[in-house]
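What follows is a structure written as structure tokens; I'll ask about it next.
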Amino acid sequence: MSSVTQIAPTPVAPVAPRRRARRRRTRQLGWNVLGLLVLVVMVFPVYWMVATAFKPGQKILSYTPQWFPTDPTLSNFRDAIDQPFFWHAVKNSLIIVSAVVALSVVLAFLASLALAKFHFYGRKAFIVLILGVQMVPLAALIIPLYILMSRLGQVDKLTGVIAMYLTFVLPFTVWTMRGFLLGIPKELEEAAMVDGATRFGAFVRVLLPLVGPGLVATSIFAFIQAWNEFIIAYVFLHTPEKQTLMVWLASFTTLRGTEWGPLMAGATLCALPVVVFFLLVQRRIAFGLTAGAVRG
Amino acid sequence: MAAIELAHLSKVYGNDVTAVRDLNLDVAEGEFMVLVGPSGCGKTSALRMIAGLEEITSGEIRIGGKVVNDLAPRDRDIAMVFQNYALYPHKSVYENLAFGLRMRKVPKDEQKRRVEEIARILGLGDMLQRRPAQLSGGQRQRVAMGRAIVREPKAFLMDEPLSNLDAKLRVQMRAEIARIQQSLKVTTVYVTHDQVEAMTMGHRVAVMRDGELQQVDTPQRLYDAPTNLFVASFVGSPPMNLFEAVIDRDNGRVVCKVGDTELELPPDVAAERPSLGNYAGRRVAVGIRPEDVREASGWDGARLRGRILLVESLGSEQLVHIEIEATPLERSDLVDTAAQPPGPSLGVDDLERAVTLLGRFDRHLLLAPEEAVEVAIDPRLLHFFDLETGVAIPTVDVPVAAEVAR
Amino acid sequence: MASVAESEFPLASRRRRRFTRQRIGRALAPYALLAPAATAIGVILGYPLYLLVKMSFEKYGLFELIRHKGRWIGTANYAHILHDGQFWHVLLRTILFTVVNVTLTMVLGTGIALLLLQVSRWLRVALTTGLVLVWSVPVIVAVDIWRWMVDYEFGVANWTLTKLHIVNLVRHDWFANPWTGFAVITALIVWGAIPFVTITVYAGLAQVPQELLEAAAIDGARPWAVFREVTLPLLMPIFVILTSLSIIWDFQVFQQIWVMLDFRPTSDYYTMAIYAFHQSFQISEYGLGAAIAVVMVLFMFGATLVYLRQMLRTGEVQ
């Protein structure tokens, strides 16, 4: 009847678990070595770009690669910036990107509001449309787009490029923004209305502040897309003064042929803003394309 | 079917978070053992160690006499029912039920026979082709049970299997699980935080707190003879009334002073608890079950005077909150629901000395709030605890092990 | 709307009318909100899509470009490309390229995601950070990096492979032979696509409920069986979406090849997109280019449908 059953203390043989632990540690080490290898292979190209950008010319053109820039120099960056049309390209890219970001955020917010907060006839059709339209290959559309833009007199004009970029980022930004809006519990708005706010008041006081991060994420997405785009800019902007940074970078050749040092410096400069912004919002935008695919 | 023995079982997370401390527990063959305690008491960690899902820090687990410390879950021949059922969402009910058999390479037709039999018993016959998402909560629960049963394992492990059901279904499934266990006679370890579930289902109940075992006993013994204040306050609903009293010895008589009222303990009560004499002149914790609190008419012993704060009618009886003059207990090891906050000071001047006593009274008694009332306390029904350690002051014919938390 | 009831209960009727007006407002609001985005998409995506199909049935050369009007020639463009040996070569090359790239991307990406579960915490953080870094590199920048790495004279790839005694690649030009040239392009594309696949699959793996894996382990499944029976089926939607997206992206590959080969790839390097681009913008046969593009779109349509179906099915949960 004793309430706690006494069991003779059996000392556990210490050998077995220790051996098991050692086996586990060996396996862990194996995985780590493999993981480290993957890391090196994946990151090396990026490292190589940055390392080359800081190396003086004769160290770049050596038959035995120099793995670390031992005497780093900024001369490559100076050469890159001194390339013709660099500042034109920077200015054009900035104009295009800011216009696309501003317009796309406003348009996407309005559209996603309709999709997330209203039930209306044609809602599902529109969702199918914006999902499907993302899949239409740009390489195919560029032909009729060129015809259309030349009819509208928008070839070799920044406005035409802005309009096209805006349209191409819209489907994704609407979709992402819709996800953000859906993530805000309906009860919050309802609570605000119960507490005496109007529908509009609830929208301004509750929804808008909460959707802030979503707005930031979508605008950065639009920024990255517009910054990185190449084909449209390449086809539609003929005059060198009107080219964007990516076209500038792609056609980067000096009088002496390809100079790798300045080219890598230019590439680093072009990638830098994107990398920074991307690292900031990666978590938020990464899953827009597959959102909700796994259910618990 | 096999006995499960836990010997000096401990679980430490990281370096310093001890989830289970030196747990010794014997679950007999075919026994229904319930592990109960508030959240974070280590009961789930203990269960997961038995299942092999959690590594054992130290100690030993034996199933059927065999040490299983180093065995993978699949080699322990146990079945587990998870809190959220863990049904494979991409498999039909049939496939869910057959999965364990398939993994153990049971022949196809044997699988089919057993799955269909279980489905019939559990009333799942016509849902075998459905997916878990298409089932109601109760049906999912049944599938989870079925998946455990169909394997005919050595033991069932259940981790709060009823906590996701609504109240009515929970009562129904409670009985169903107990019945299934009774007819299959499979050793079962059942984890819950609900003491009603523990009391109604278990052959024996193990109460845990902060990783340590408090008491293992049949539900009745747990109720009648809690080994310490924690168990006393945890078991029973509504919980035991607990407050401070002073023991005094007065030429042979032993007296228990509650507030200003002296309750004389009859000689047999004192004789049953020989060590009670050692507490003469000291404060102890005293407990009494709500059903043992009575209205005093016709009682010729000592009475406690009090004031009615609230009357809750339950139909079959009424729960009466009575404010009496006594010192409230202030101990951290009481379960929240039992910690008696000092009631609003209505008649008693000193806030520190007011205790709300909960009584279960006959429904025919006419009682109203604000009324003065006299309460009869039969000293034979009192529980005594050491105020420092919280341990029950032992009675001689029922030795209680001194396995106790601080 | 005037009825007896209305005149008898003026209050009720007024309330009803107000509700109706409100209801109309609410019914129109979503369309008003959608209008700007829908217009933009209609003009710059919808109309060109229609124009593309129309042009594919027209003679559309330089003359027509200036005149802003094509000349209807029926299915002549399609007949032309179907009898064109080069078109079939390009189509086969594109399909082969897509199959190789998608397979490599999915297998390696998933493999690394599974590896992430096994490595120590610090390495997992380092790996995910590295992957995100790679993911963020703009395509044109990536092309330039790889162009530099496989440079025939000073490229680090030639040096390493020679030093490792795998092959002697001193002054080896990878792009002289289209097979090795496509190998480099494949490496570039797979390298760039792995992060997205890995991080998505890894996020999916992290969402698989732990109890399901535990339940399977108790049910007697070995690690491989747990993966095959529980993890894989649960991740299926993710794999479907990722695979269809990869097919869509790889089938229309353009800029990587175009820039890698200095804006003038030889016909050995033509894929569908480049072929269509070449026909339109280099020989000014816009009608022919449109026909090729239409065929390309049709080929990708299957993958698009699979993607859409999966997205809608999972999207309905929300």
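In order of appearance the chains are A, B and C, and numbering begins at 1 in each one.
Note that a residue touches a chain if its C-beta (ideal position, glycine included) is under 8 Å from a C-beta of that chain, and two chains touch if they have at least 3 such contacts.
Given the structure is predicted, the values throughout are model-derived calculations rather than measurements.
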* Structure fact -> With centres defined as the mean of Cα atoms, the chain at greatest distance from chain A is chain B
* To do: Sort the chain pairs by how many C-beta pairs are in contact and tell me the top one.
  => A-C
* To do: Calculate how many whole Å lie between the centre of chain B and the centre of chain C, each centre taken as the average of the chain's C-alpha atoms.
  => 58
* Structure fact -> CA centroids of chain A and chain B: separation to the nearest Å works out as 54
* Structure fact -> For the pair chain A and chain C, the C-alpha centroid-to-centroid distance in angstrom is 15
* To do: Note the residues in chain B that touch 2 or more other chains, in rising order.
  => 89
* Shared interface positions of chain C, touching two or more other chains -> 209, 234
* **Per-residue overlap in chain A, given as positions that touch at least 2 other chains** => 295
* Quick one: which bits of chain A touch chain C in the complex? Just the residue numbers, please. => 28, 31-32, 34-36, 38-39, 42-43, 45-46, 48-49, 52, 60-65, 106-108, 110-111, 113-115, 118, 120, 123-124, 126-133, 135-148, 150-151, 163-164, 166-168, 170-171, 174, 179, 182, 224, 227-228, 230-231, 235, 246, 249-252, 260, 263-264, 267, 270-271, 274-275, 278-279, 282, 286-287, 289-296
* **Footprint of chain B on chain C - complex, ascending** => 209, 211-212, 214-222, 225, 229-230, 233-234, 236
* Structure fact -> Seen from chain C, its contact residues with chain A in the complex are 26-27, 29-31, 33-34, 36-38, 40-41, 43-49, 51-52, 55, 60, 65, 68, 112, 115-116, 118-120, 123-124, 126-127, 130-146, 148-149, 151, 153-154, 156, 159, 191, 194-196, 199-200, 203-204, 207-209, 234-235, 237-238, 241-242, 245, 248, 251-252, 254-255, 259, 263, 272-273, 276-277, 280-281, 286, 289-290, 293-294, 296-297, 300, 303-304, 307-308, 310-312, 314-315, 317-318
* To do: Quick one: which bits of chain B touch chain C in the complex? Just the residue numbers, please.
  => 51-53, 72-74, 76, 78-80, 82-84, 86, 88-91, 99-100, 103-104, 147, 151
